[in-house]
């Protein structure tokens, strides 16, 4: 192990298990470590401090190791100065670019430490006019200065949620369907009220099961009561919501009567055609064609939504971004001031949103399928809290908590 | 196909798909068929009538074919007379015994048609003192007269639920998590009220997730309001419920505070030991040791419960039948007058109950795991309706529907 | 029911259950039916014939009913003449456009019956220069003539697989994980040999689990042996395959050593950057940068692949269609001469492909998650056969069947 | 925190995460801790040593805390002497009995430390004639001396698997379906060869999917080659295996032809009746009635099997223990000399076996359902390794690895 670097970290290292994960990663990467110092908080409230020397057989691996452990909030003791190289071509980073985490990040140049504007995972760091921001590889332009190597970079972990009553903290434990669900709903409702009181936005990411489970009325009530500031979704949620508003069906379920209309697929393509004729969802509302449902409520409330297409889409609706990279840009543009994100019944859009959210924004992922929730957490969205439950009943109860006069779907 | 027999059936043969399933079965068994007559109801409200000739290469297969199609309500045109043989030994049927369905069944002897007392699947038909009842193979005694072959036997399908408003009929469609869940809860609540009004019993079959999901208070409210006449469960539900009442935990979840107590396994074995010391659950209630929870509520209400053990049990509680065959007998003894069965979050006990319920009792199976629900339906419990949802929120909402002053769990 | 139309159908109506499904659909749509004639094949090999009169309360619903039942191969007895209207704008169909199935379809004009060029679901029928083809709503141009209403249209079901030995027919039964898996693999291998012998193409649709489960060597062997004529996938499969080839890892699993590299996320973004620098995957092969893996094998074999992006993509690779509608067009362009489609471990791309495949192409969907398989079948891809199994072992065994000198992955 | 006790532990505390889990548990129980000393191994190969003072508000909780942390191998620095009390009644422990882990355990009396004979979870420690063994609560007799409180008890963790090549160690990472499956099969095969070479026994625990997936021939080959020393199962595996041998079907699948025999339920009850008539499975083999399948192979090989009943059983077979507590005793009697346990496709029997296995026996749990695997690990069977894969293909490949002349199922 010829190449070495000393790193340090501070925080609740033991009871959070973060130190164990750091050491795991070092070994998995083929590196090695030595614990130089460990000051353990004597009482469990105290912070600990650890200093480690990491070693690697070559410089390139050492640099990657240093980047890797930064994902856990571990920084170099002597970070040195950041170094940049120009992007060799449009859409291409220099080979040894620093690959970002979504933690608060600082970069040191001669003039001192600069804070990175919008932390996002798996991007590069672009230095432009004395500021540093994250830039996805698809958006980098030839010649832009990109930070390379791990020198001169520090990250800091988000402060742990300080919760004397144990309130929301509960949900930071593992994904499980065996939890007191009624309590979870109440905790999320409170979180939303707090975020709104703080003047921040609540971001929703939703899949079509919101409509299929009959929860659209609950969702509409939440929109009207001001708890859905932004909505990210795909063509499916909007289409089934609109199909349901226009024809009273959603992919084969007559939601009012409760009797099935299996295979009623062609309704959704007619719904899409109708909106395309109107020009857009907002136009359809304006023309009096679309008079109900979630999308109608968003338009009436004047709240933004971003619909991004996928390869399985029919149509799609005219509001859908068919170019996924442009769709990602539109989503990023809505992130400032988001104080809480809730993801409901969609794997694709939940992961997409988790990829671009900074670690500082708490997020909750709700799905009946444990795999979706687990997958989101595994992607490195450490702030993700997973709830395995039924979407229909979950939204129904959330609306009852937050909207005093909500009488229940189907009434 | 040298061996033939003519069969007939009447009902909604086409739109229920039953005729297709009969013909499938015949071919799958290696038999063959000829449609002799098919009188189709012209309008969809009308019943149809079909007469088929079934053929098989040997008499034994023909007899098994005839038994098989009876599971769909298809009877021989000329059923002949039933034939019996004595059971060769305790616990053993004659080789060619008639294997029962759970449909209403009639057996013809010289004296005419006798109705089978308690239809149950996979049993034999025992003729005793001029009556016919079903008898499991484990309970047959040497020399008892057992019906053999398919001659002289008729079955009749339960009348389809006649529901002008489409009410409960909705749920007869396929298992799905994409249904208006709030509506389903309301339909089940109504079903329970109707059953109670008719003087019949509501049977619950439950797994430990009732407690883990924090739904015990909702369940207690339902017991106290008279909607849980009988409870079938295993050692786990009762143990976790009692552990929760004694220690405030249930296998690692502090249900009141909402913070986890992972691995708190030893609590449950202490809870079991405490009840064993008292003598029984009812004794623990009487002695003032057990003062809350679902089992306490059942004891207070004077309602029966049957706990049957399994190989994975710790303890078990003194009330648990450790012999599974005796446990099945205890369950059977509770079935008369059951008008509705609801199975919540348990595969093992749901299947066990499905095995012994007559086809005439409607049953609903609720689980977050689609596989459990599907498995129950696949076992031939044709009257099973499956709901894939979250147990905690489901019971919470059901209690809100049925118990006016239920304020919600965790309040 | 003032509006009526007489329809007819022919085939194995009873044992396939198709007649029951037709009648179900009619009732679910709020229509009604009368069975005018039913000639049942006496023996089970014989075809049956049914003539029904369908009724609806208004003309629009009747037209939609007629379109609906065509999905089951039911046509009007007196189809009349087809009627067209011009598309009112680019990307918009006339209101009452005929929404297509993926069955072989014929349209009648004065000159007689025209065959529709490429049947695809949820499209319109465009009449151009005396021919009729399917056109997605996104591609229609203002003024193009689009068939409206259900008049003058016939469809025909694909011939059932005629399989005297019961071979592939087995798999037409329901989705299940409880099947003799070794037998299924052998049947699929034979199907692929047959398709190749017939000069047709085998289409693969794959997800990243192909790489994660360590099955890339098996897949490479299949490519090299000529059993992968076309590959549809997303950014993820190609990225993880290339990451694995460049760094020996795939999203955190060191595949050779078998020890985990958890969270090694930044490797994949470096792999993407490397290919972007090269220009394309083929360029990376040409430049000697990419020397192994599935994508390398496809390039070496000169076989086409279509990678379509999604909103969750990092990068993406330069070969990825970021516009999903363009991606769908590129997929459609590869469909002619596809004789067999196999979908492995991807819900998104499997559904996308199922949407555009004609009903005549047999397809097999393989996934460890039953929900994926079920969802594909539910979308109306009636020819879909589902296999719930482990991707890694499945591809390993398939390669052993088809490639005599395949020694097994990891050797 | 008036009540305190000092504890210590030694081992790979950080990289295994065990220290974090200990501290978590202390806080979750409502206790507190102070780190008195932490000697960290400087290099990652070195062991660490930690000494902590645990505090609790009352003595009872302190004792429970001390028992709790022993599950992680944490012992009192000054353990004192063990104390016993007599069991107050048959089947009842003293109130403050020591609840066991499945780790190697030592108890100190005046005469020094005694080793506990067979460590098993959730039992009591019985002192009898100068030895200490574990005793389930159901088996304790009035007046037997049972260890109470946590004093005088030490446990020791099993040595970590020392594997320089990373071989089996790989599988100690998290449950996942995204692993190189072919490699896993090879590692398990090697483990079995090693265990056999060491003169120890391979224990199998199996569910009926072994038969349904068509893997019975592979399983038979493994039995004949000597890799199945003991088999634990329920009535279902044996019944379906025997049904398949007698009738060629297994709950509705004709395994040879590959075509389905749906609903062929009555076959299994006939199979059971046939074996009941013979007297036992071994008698049926002796009488030439049962001539194939897994159970036949076990009888021929002279290897023991333990079948334990459940409440859902039909019949059951005469060999089945209908009393589950007696069944557990019969299972325990087979555990000595078990060097490796493999659990295939059964949640119920896997958990039952995990409950009674000592921590020193490595075990692998194979299931297509991730929940089964996760549930086993969650129960505290720390030595459990989970593999999410297809049972049919897994057993097929395992047989190919271990049995040179195995030609494959279905040939």
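Each chain carries a letter (A, B, C and D) given by its place in the written order, and its residues are counted from 1.
Here, a residue touches a chain if its C-beta (ideal position, glycine included) is under 8 Å from a C-beta of that chain, and two chains touch if they have at least 3 such contacts.
Since the structure is predicted, the reported quantities are computational estimates derived from the model, not experimental observations.
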Ranking B-D and A-D by C-beta pairs in contact puts on top B-D
Dup interface of A-B (contact pairs over half shared, numbering-based), picked from B-C, C-D or A-C, is C-D
Whole-Å distance, C-alpha centre of chain A to that of chain D, is 39
Taking each chain's centre as the mean of its CA atoms, chain C sits from chain D at a distance in Å of 44
Whole-Å distance, C-alpha centre of chain B to that of chain D, is 31
Multi-chain contacts in chain A, i.e. residues touching at least two other chains, fall at 24, 259-260, 262, 371
As the complex stands, chain A meets chain D at residues 14-17, 19-21, 23-24, 26-27, 32-35, 38, 40-44, 370-371
Within their complex, chain C touches chain D through residues 166-167, 169-170, 173, 177-187, 209, 212-215, 251, 253, 255, 257-260, 262, 368, 388-390, 392-394, 396-397, 408-410
Counting only contacts in the complex, chain C reaches chain A at residues 24-25, 28-29, 64, 67-68, 71, 88-89, 91-93, 95, 97, 99, 121-122, 136-138, 234, 254, 259-266, 268-270, 272-274, 276-277, 308-316, 318, 322-328, 331, 348-349, 351-352, 355, 369, 371, 379-380
